[in-house]
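Below you will find the structure I want to go over with you.
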Amino acid sequence: MKIKKIINDPVHGFISISSPLILEVINHSYFQRLRRIRQLGLAEFVYPGAIHTRFHHAIGAMHLMTIALDMLRNKGHFISEQEYEAALLAILLHDIGHGPFSHVLESVLLPNLNHEKMSLQVMYLLNEEFEGKLNLAIQIFEDTYSRHFFHQLVSSQLDMDRLDYLQRDVYFTGVVEGKVGFDRIIQMLDIVNDTIVVEEKGIYSIENFLNARRLMYWQVYLHKTTLSAERMLIKIMKRAKDLWVNGYSLSITKNLEFFLNAENLSFAEIVRQFLTLDDYDIWANVKNWQFEKDFILKTLCQMFLKRNLFRMEISSSPFSEAHILEKIEKIRNKLCFDQEEASFFWESSTISNAGYVSDAQNILIRHKNDFLLDVTKASDLPNIEALCRVVTKHYFCYPRNL
Amino acid sequence: MKIKKIINDPVHGFISISSPLILEVINHSYFQRLRRIRQLGLAEFVYPGAIHTRFHHAIGAMHLMTIALDMLRNKGHFISEQEYEAALLAILLHDIGHGPFSHVLESVLLPNLNHEKMSLQVMYLLNEEFEGKLNLAIQIFEDTYSRHFFHQLVSSQLDMDRLDYLQRDVYFTGVVEGKVGFDRIIQMLDIVNDTIVVEEKGIYSIENFLNARRLMYWQVYLHKTTLSAERMLIKIMKRAKDLWVNGYSLSITKNLEFFLNAENLSFAEIVRQFLTLDDYDIWANVKNWQFEKDFILKTLCQMFLKRNLFRMEISSSPFSEAHILEKIEKIRNKLCFDQEEASFFWESSTISNAGYVSDAQNILIRHKNDFLLDVTKASDLPNIEALCRVVTKHYFCYPRNL
Amino acid sequence: MKIKKIINDPVHGFISISSPLILEVINHSYFQRLRRIRQLGLAEFVYPGAIHTRFHHAIGAMHLMTIALDMLRNKGHFISEQEYEAALLAILLHDIGHGPFSHVLESVLLPNLNHEKMSLQVMYLLNEEFEGKLNLAIQIFEDTYSRHFFHQLVSSQLDMDRLDYLQRDVYFTGVVEGKVGFDRIIQMLDIVNDTIVVEEKGIYSIENFLNARRLMYWQVYLHKTTLSAERMLIKIMKRAKDLWVNGYSLSITKNLEFFLNAENLSFAEIVRQFLTLDDYDIWANVKNWQFEKDFILKTLCQMFLKRNLFRMEISSSPFSEAHILEKIEKIRNKLCFDQEEASFFWESSTISNAGYVSDAQNILIRHKNDFLLDVTKASDLPNIEALCRVVTKHYFCYPRNL
Amino acid sequence: MKIKKIINDPVHGFISISSPLILEVINHSYFQRLRRIRQLGLAEFVYPGAIHTRFHHAIGAMHLMTIALDMLRNKGHFISEQEYEAALLAILLHDIGHGPFSHVLESVLLPNLNHEKMSLQVMYLLNEEFEGKLNLAIQIFEDTYSRHFFHQLVSSQLDMDRLDYLQRDVYFTGVVEGKVGFDRIIQMLDIVNDTIVVEEKGIYSIENFLNARRLMYWQVYLHKTTLSAERMLIKIMKRAKDLWVNGYSLSITKNLEFFLNAENLSFAEIVRQFLTLDDYDIWANVKNWQFEKDFILKTLCQMFLKRNLFRMEISSSPFSEAHILEKIEKIRNKLCFDQEEASFFWESSTISNAGYVSDAQNILIRHKNDFLLDVTKASDLPNIEALCRVVTKHYFCYPRNL
């Protein structure tokens, strides 16, 4: 197929697109909307370069998919043109259901949904428009297609999604330690019994990949400043919702207003409205609300916009009740709040991460004679096993200068 | 001075900040606002990675200033602590007056101002707040300080601003050809008679810098897709303004509304309001206007959001009147417009760029015995002279599929 | 074809080799010998990282050839499997005739040959061993194959050789200004009338490529320290040859001895012996000669090994005879030399470079309707034309501390 | 101090040298000799770019030392100008005692010495020449200086040596997974009780550093092809030595001959001769020996030069005696060797590596209130502890195609 379009990606270089269907999907307004949703939400408060978008990531992940599929063909596996295109579409659309600030606001905006389910809904919508041309892509995404390994390349503990976002997040944050040998890893992939496996000599690269991902979790995704900004944004949205529900005349954009009282609406309508939302709507409303009369909403928005974030305490053991109560008391005294009002100014909960999860979707290493072993068993190095343990940390945040 | 804060920059690595005053300025809401103004406006429509902000650039340029000043001290030039801090502040704030989409919307939002003047106004405001601590920085910025070379480092044809933005734009667009040896250039700088000069053996690096900058102009800043998106955004803002002025009930955010009828307001008020505006306000309004009743405004916004941009013709000679009239006729026929309505759907004008301007602020090369020559005279290579010629191109844009 | 071997290249990443024939050629001792010939000769005296070899470069250039051929196939041009492999072999072997320190010692070791002719001889030898399997590759290299464009990709002003060595030399020297958008350039290539052309929108990348190459010439390849070291090494070899010819009992390795009196030998024998020589032989002899009795040879070798190089004067105008005579006089007085002896301690000549040569192998730009123009005519930018002028400089070198 | 020289390093960028003494040391022939000793010995057989030298590494490590010392001064620690220069000299000279192919040939050439002891000897020699100016540097290197932390920066589990070589080896091999955030790590260093400590929030970077170093060990330094080439080179040297000792008339360069019967010579003489040796001597002799009459020596040299290396088997459990004997039998039968002759064509032993050694020089993490903990105890992550375990592997190598 002839090249139809070339996209310049600072991470992977030139990305060529040959399929007219893929080009049409990229040009669709649902996909263009991803230009307005940042990959790392509020991590830019710590890493000023981290403002890359899901648009960019989705195309990058698709590019890695082409490398992986070409390599598998080179190793002698048959992949039809139709499967090839479908796999590209599946990874291209895997994040299409993300809303503004991705995971952060999911719980507030879509209490009973998550972005994976939403992605699937949007794929269905697109499939209608494209008259069934996305059928196979959807099967791969849902893992109902007979050749399971395609789904693994889209979604597993070693999928093109992760390989792209790690590389990309490293590039835009500047956290060079997270660098992963994604091309080496892809070269090491193979298929055995319809399952993606890694050749034995790729073991160090896999270990490095798992370590790098964990490092990015603690250093970037769960960085205490990121976390603090996220908590604050959630508080803002919750306050706005409370005010709205209680009849306060809130200045708000139409498409966001919809989501403050979306509970009783039809699912189809929710999806349709959701696709009009992006990061800019949230920012515009927050900027607007800094001039609202409600003291709590106004204050939170002003703090957020000036980057005067909550102080974030992190600990490997739970915080004492006394410590928490003392801070709450200070908040109440300083701001003359009751318990409920004060609750908008503190939060205490946990964060956790495991480098590797030994579940059904585990990473298999191929030893001699196609003998397969889970990566934790395959390595004679003790580290990967250690990566399985879930590390949980406790956090407690509240305003500075109480 | 002890390091107070470290910022992680994917372009320059770790940037250390030691001055408490500089830290306070960075934390000020006027400066934090730069987080929400992109460096390259709409170039992201061509280069998806080009979404870096003026916040990031300003801090990067300040970092290059520390390298330049340290190097000049190493070469034996006396620079006091006060001058050092002031030069850093001057470059840090050189872009503080930029509004949403920088140059693009200047003519619409601030018909009688430009961002340099605005930057100065904001510095005055900040100086009041900081009780005169920015006096010296402002003198350097205005070029009224006795030691002229500081101003040259902030603003000239070889200043820290340009060295940073070239490097940064290359990093985020992925246009690697624009790469410049900024550290080599800085090492080659010196001061003669209170003027920044370049040592003779730096001549190739300077030539490369001028070539790279010109390449970035044609390949990125004046790329036809960037240009097309910018024209479209200007049309949108003009239409909105026309509607507003003519009493159409336009749904619009408060702070932007202000600028649609700002002509009769006091200058102080304009500055104050301007500082509430950023890219997000424009995006939020454009997103809102796609649902307006006015056909022209609605259509332009929908086209913009779906990246269905004007077709852009570029030519080194002017377009024939016949060619232009033919297209306008097609617009009118297709959309049933009168002349004035149709004017929102096409534009014809020129763009131009010169690699180097032989004016008062030229780049001087130091030959043996401190003999100084303009870079165009100094080189025995003919290219730099060629770079002085202004290259002008004509453009004409209109909707696709007429 | 299945991937047979993967080579890790810090410049291009993973390089896959699928052809068993190509793998055999790479494993041949003639090709392995390139591991011991540095790409940039003595430039390491200025740029300590510049110690990459022709082995590495040849494989990198072959890799770029695969990208170019794949891209041309994508644009609809038919390239048979046999042509594909032959083009890879031609570029892989284009430097096989290089001897120790490449261009530098050519005039001393092979007075009547050059490395291109030698490359061809070695290809003939290999072709015999491989029973004619290199026939087509040799035709492409000699430009006797009916499809001319293959030769252009191997050898022209915009060939894969130059694209690779620029990129590679930048990487290993650290002269980042020389960076070239080699992937963009390759994407812009096409074939018209059996000739490689560049699409119009690639014009800036081509200009940048020509500028970068010129910069590398003056900054690296013709750097005065590189030049000085090269002159010194030539003096060393000439002195050794003189001594040998005059019956001095010189300690020397067998294979080098051969080349000090090679004039009367058969061509076949010369080639065979030449293929045993590499940089290490020269180094080993120079190291040995620092203990010789001959004062001139010993002194030159000691200076070379301690990096006590000639002082190199460079000027755009010729040096005055008086200046040269004065220095020669000082050499003679200090070292009690006669004219001929002194001649081993100074040199005066010229170096020159043109960014672009308007000859038969020029770079063609494709405008609308397949209208072709030489790049100097095609650009509305004046720089490329300027690049055509040959810049010549005069140099004069002699020992420091006379 | 004014900058005296700038060295262009592709890894760290520009490296400035201000101290005249340091410049003199770098220009000394003992130091220039490091230009001819590769950092990674024979790893180039796997990674063609890995041909960087100890010269380059030593200067890079010195550069990191300046960053570390500047940072410590910024944190308020007093470091005198004299101490500063001495610390730079100590790290600059830490590898000055390395011989050809570094660790590989140590056991053959210097049976009773190692390169650390040799480095010290060379420092003593230089100190005499420089009239005691290296006294303090030597004290730091020997760890007899009162301020212990300087020695730690030169030699410990987190010294500037390791930070540089990891970064450099990654750059030249292209094994990007080994990338380490060396600037982040340096920023996290501090001094408590005259001991280098790492701030708590640097824990992930340290973990990443230990992981990266271990990865480089298995992927590069102990790569089976590197190992195979090293074993072969040792066999070559041993055979040459045996032949020499037994009176065989071996063609050999003077300075290497010395080391084949060095046992009875004075230590001073050994050191003096050792400083004339470098990689080139070994290569020149191996190239010469491929034409020797002795079948074993000739064969090994030819195999080595053609990169026809031993097949290398690696296993986590010991090889069975039967397996080894079977291969030896094949060698003997094929080549008509006796036991002793055959021993030049196989080797069986072990390699091992631990990511971190819990000994006296451990890495300390500073928690709140200057509370110090070993990094294995400090982390609430289980990985670092796992890194302490020594991993041992068994290898067995012999010719291919037996």
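Which chain is which? They are A, B, C and D, in the order written, and residues in each are numbered from 1.
Everything below uses one rule, namely that a residue touches a chain if its C-beta (ideal position, glycine included) is under 8 Å from a C-beta of that chain, and two chains touch if they have at least 3 such contacts.
This is a predicted model, so every value here is computed, not measured.
Using the average of C-alpha coordinates as each chain's centre, A ends up farthest from chain C. In terms of their C-alpha centroids, the spacing between chain A and chain B amounts to 32 Å.
Mean C-alpha position of chain A lies 49 Å from that of chain C. Residue positions 13, 175, 184 of chain C are each in touch with at least two other chains. Under the stated contact rule, the graph of chain-to-chain touches is complete, every pair of chains being in contact. The residues of chain D lying in touch with chain C in their complex are 7-11, 13, 27, 29, 32, 35-36, 44, 46-49, 51-53, 55-56, 59, 171-175, 253-255, 276, 278, 280-281, 283-284, 287-288, 291, 305-307. Those residues of chain D that touch chain B in the shared complex are 1-3, 6, 13-14, 16, 18, 71, 74-76, 183-184, 187. Listing the residues of chain B that touch chain C in their complex gives 175-177, 179-181, 184, 204-205, 207-209, 211-212, 214-215, 218-219, 316, 380-383, 385-387, 389, 391, 393.
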